[in-house]
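Take a look at the structures below.
Both of the next two complexes hold subunit A, though its partner changes from subunit B to subunit C.
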Partner chain A sequence: MSAALLEVEGLRTWFPVRQGLRRRVVGHIRAVDGVDLTVRVGQTVALVGESGCGKTTVGRSILRLEQPQAGSVRFDGVDLLAQPSRELRQFRQRMQIVFQDPMASLNPRMRVRDLVAEGMRSFGIGGGPRRRTERVVELLQRVQLDADHLWRYPHELSGGQRQRIGIARALAVEPELVICDEAVSALDVSIQAQILNLLGELQRELNLAYLFITHDLSVVRYLADEVAVMYLGQIVERGPTRRIFEAPAHPYTQGLLAAAPSVDPQRRHCALGVLGDVPSPAAPPPGCRFHTRCPKTFDRCRREKPPLYDCASGGQSRCFLEDPSQPPRPAVSPREG
Partner chain B sequence: MLAYVARRLGYGVLVVLGVLLLLFVLFFAVAKPEDIARRALGEKARQEAIDIWIASHGYDRPLWPWQQPADNQLFDHYARMLTFDFGRSDTDDTPIARRLAEGVGPTLSLTVPLFLVGLVIALLFGLFVAFFRDTYIDATGVFLCVLGMSVSLLLYIIGGQFLIGKLLRWFPISGFDPAPVVVARFLALPVLVGLLGVVGGDVRFYRTVFVEETGRDYVRTARAKGAGEMRVMLRHVLRNSLIPVMTRVVLAIPFLFVGSLLLESFFGIPGLGTLTVDAIRNNDFATLRVMVFIGALAFIGGQIATDISYAFVDPRVRLE
Partner chain C sequence: MESHILANLLVLALLFVGAPLAFLLLRRNRMWSEALGELWRRRRFSLLVIALYVAVALLDSFSWVGGAGAGEDSLSAHEARSVIDRAFADTPRESSYSAPLARGSFYGDEPLRAPGGHWFGTDILGRDVLHRTLKGVRVALLIGGFTSAITIPLALLLGVTAGYFGRRLDDIVFFVMSTLASIPSLLLLIALVIVLGRGTWQVCVALGITSWVGLCRVARGETLKLRELDYVQAALALGTSHLRILFRHILPNLMHLVIVTFVLLFSSLVLSETILAYLGIGVDGSWGQMIDQARNELSRDPIIWWNITAAGAAMFGLLLAVNYVGDALRDILDPRTLRERA
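This part shows the complex of A and B:
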């Protein structure tokens, strides 16, 4: 197994909720509340979960585009959260992010050439302006765009082309880790497939590591070596992709997989569904955060917070059902929805 | 692009024609030439003198073309205004064109520095408070701006004249001398006072624009690319804010020629603002007509220039 490139421990990013004339802090949105994550060199880890579970914030916090309150983000052994912003900038060369919205995340007043070259300029790589332009052309070819897109503006490109620009832009500084934040979610399926293939090729060529943030499980299955499932700011299950898809341990993962559409009627999962709506991340439920929606809830879930237990089949699950000391589960009928 | 400019100018011409009609109704149909003549000649002028005055200024002719198609005041008014043949003042018979030529220099020497310095200060201060948004620096900045906007310009004028002109004696209280270096001494105080009155509102406007822009996704992208904060603010935020900034700036440019009524008259600057104030005071309708016409032209010109400038600032605007 390759060396760990990114190690996230106990990451916590809370957003203050302000109210009233004096803008006093009355509470916190606990977007990310104690997340551990490891990405190895050349590996793809998928971070999945419903919208609002904090997965995007995890990605941004790793790059310190949001400021986490606690925890550590070690990149190649160096804790990024402890770095002053000057030093932090140097690490941004080695870890890049592809954003979800390919239109909004590109400066509308810059041409493709400058959009892609700006990162090189910040880090002084790629030689002078002319050399950089040549390199941008190479990058465009790499993401299968013609060189004549060089002087276009984002609004003159299609969604798929823009997302490729976003990828070319991220690759321009030769990163080791690319965080893909819903990088293909905004695209239609045929273009999604193209981009995913492209990402796979680039990974093999450049030995990139990906942290793939998505809610789309079919993408995960196709791309990821490992999966981490997030719920209300915490990781509830993680493990090798195959294990997660074939034998999901956590009831939430089971619910997610059951909810995912499948083209194969034979392969329908028949786990119990997830009940109701996501509770507010400003006031997460006591005990297990998932107990309000879990079809398998029992007493202990409401009282205690489950840690991550090792699963027999590999990986970890934040569920008392995996606790070896937990007596066999009392027969509780699923709550009425 | 050319077609757009042509159409925009065409609309502008229509508006100008409308403005002229309105002016005519207000100044010719409402004001009686007898009253104007009495103002010019004095209360005790004899009827013959008044009649002569009215005839010599052409106010005795029929107003409307349906009264006399060949020689009427409406057509005459249009013809003269549109050819910039402004005629003579109602009060002292000096050519209005000469008055304008004399006044435009002093006016510009006040308004141009005020405009440029104000623009730079407002943009920089706007960026500054936007960068520190939602902190005490931001709150204090906005408070000062609102304070500056809320206090009447008259207070700044009189307060400035008293404090800087009288007590500190840094600059003359009022007056004007067009000699190259001396003029700066006379203009320093009015420019300073003008800034106090103008900058607050501008800063607040620019701050709003900048804060909105700093929240955009591409700004986050720029940071992820490793761009420094200075570059993020100037290259990304400022440049993307140029459309609303431009609107405000281009709209203001034509008014540089109209001058500031209050500043000029209080600081004794013999510019177009003073010319207008004097015309109002003396019922000099001929001059006043011209000033209103020029103001309207400035406004319309500003609007057109703003629209066209969009195309240069924002690549997404294609003028079709």
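This part shows the complex of A and C:
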């Protein structure tokens, strides 16, 4: 197994909720509440979860676009959260981000050439302006665009083309890790496939590592080596992609997989749905955070916070059902979904 | 006193360096050249009217000493007179009021020095009203332009930095803005003019201090929005410096607001000066002063109407044209319509 490139431990990003005239902090939105993640060189890790579970905040905290309160983000062995911003800059070159909305992530007043060359300029890559333009053309070809697009504005491009520009911009600084924050979610399915293929090719050619943040399970299955499932700011299950899809251990993962649309008429209806709405991240439920929606809740779930237990089939799950010391209990008949 | 030479140099620099440079810059940027083309299609007449006003102001700013018409009295021989002044060399001062195109004076019907030569009549001091109206153009543009040159950079600097960096700075700027906005602006204007003294630049500074809040608020709000957009976040992740983000990503995306605000601000500034003149603290030679004088003239019998009519019409023409252009610009630069045309 290759060396760990990114190791996130105990990451906690809380957003203060202020109220009143004195703007006093009355509580926190616990967007990310103790997340551990490891991404190895050349590997793809998918971070999945419902909207609002904090997966985007994880990505932004890793890049220090948000300021986490606690935990560590080690990139190549160096803790980024402890670095002063001057030192942080050199690490920013080594990890990049591709955003969801390709229109919002490109400045409408800049041409493709300047958009892609922005990072090169700030890190002094590629020599003078002329050399940089040549490199931009190379990058455009790498993402299957051509030199004709060099002087266009974002609004003159299609959605897929814009996302390619976003990818080219990230690649321009020769990163080792690319965080794809819902990078294909805003695109048509056919374009999605193209972009995913492109990302796969680039990974093989450049030995990139991806942290793929998405809510789309079909994308995950296609692309990821490892999956981490997030719920209310915590990772509830992680393991090799195959294992997660074939034998999900955590009830939440089971629910997610059951809720995913399928073309197989045999499993059109969900057997084990996830019930109700997500509780507020400002006041997560005591005990297991998932117990309010879990079809398999029992007493212990309401009282204790489950740690991540190792699963017999590989990976980990934050559920007492995986606790070896938990006495077996009578099977609960699944509720009708 | 060589101030007229400085003014001449400024006019020449504006004409032969500033204007071509601005033109080239606008041509290079596709969005702006498209917007200008669209503006020309929609508001050709208004633009021509504004150009006419600007031309008059420029002609009035270019002056030299001596030449034809000099030495009429001992004073004007050493005074720098502009192109506009020279154009009125054959309409000398009368003793007092005369009606438009009159051959004799208004009171007593004594023969004028230039019978039928004063198209808009003369004022109480016998000065040609058309001449004064045309000289008012320069004052109006100076007030609008110079004040905007103070207001807009100030408002942008404070608004954008407050919105971008937030925290303490934002609190301070917002406090100053709210405080200023809570003082009746006319009272503040009067107080400032009294403190600074009368004169063109003093009035401009006073107007500038009272009028930056609006744009500042808009710029701050827009910056707050832009700061969170993905492309600014991406720029941060790409290691772009804050200064560069401000100049490459924030300011260009604020420019449409700045242009629209400038145009609307301009007309409100010219109007504000009229109010100041009415209160007796305006700029010398402005339309406001002419209108102020008309307070007495309108109560005379027979009424003396040409002074206020000329000043009012000149101001009306300028402000209407500017507002028409501003209105069209707002439509053209509206991001929603931009996207439609894109």
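In this section, the second predicted complex is superposed on the first by the 323 of 337 C-alpha atoms of A that agree within 3 Å, B and C clash if a C-alpha of one lies under 4 Å from a C-alpha of the other, contacts with A are read in each partner's own complex, and residues count from 1 in each chain.
Just so we're on the same page, a contact is a pair of C-beta atoms (placed from the backbone, for glycine too) under 8 Å apart; a residue touches a chain by one contact, two chains touch by 3 or more.
Note that the structure is a prediction, hence the values are computed from the model and not measured.
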Superpose on subunit A as described above, then tell me if subunit B and subunit C fit or clash.
clash
Would you sort A:D101 into first (subunit B), second (subunit C), both or neither based on which partner it touches?
both
If you stack the two complexes on chain A, which partner ends up touching A:Q43: first (subunit B), second (subunit C), both, or neither?
neither
Which holds for A:T253: it touches subunit B only (first), subunit C only (second), both, or neither?
neither
Which partner does A:L65 contact after superposing on A: first (subunit B), second (subunit C), both, neither?
both
Where does A:T297 make contact in the superposed view: on subunit B (first), on subunit C (second), on both, or on neither?
neither
Taking the contacts subunit A makes with subunit B in one complex and with subunit C in the other, which residues are shared?
60, 63, 65, 89, 92-93, 96-97, 99, 101, 104-109, 118-119, 122-123, 153, 155, 166, 169, 173
Mind pulling up the subunit B residues that touch subunit A in the complex?
134, 216-218, 220-228, 231, 236, 239-240, 314-316
Subunit C partner contacts - residues on subunit A that touch it in the complex
60, 63, 65, 89, 92-93, 95-97, 99-101, 104-110, 118-119, 122-123, 153, 155-156, 166, 169, 173
Residue set of subunit C touching subunit A in the complex reads 30-31, 229-231, 233-241, 244, 248-249, 252-253, 339, 342
So, in the complex, the side of subunit A touching subunit B is made of residues 23, 60, 63, 65, 89, 92-93, 96-97, 99, 101, 104-109, 118-119, 122-123, 153, 155, 166, 169, 173
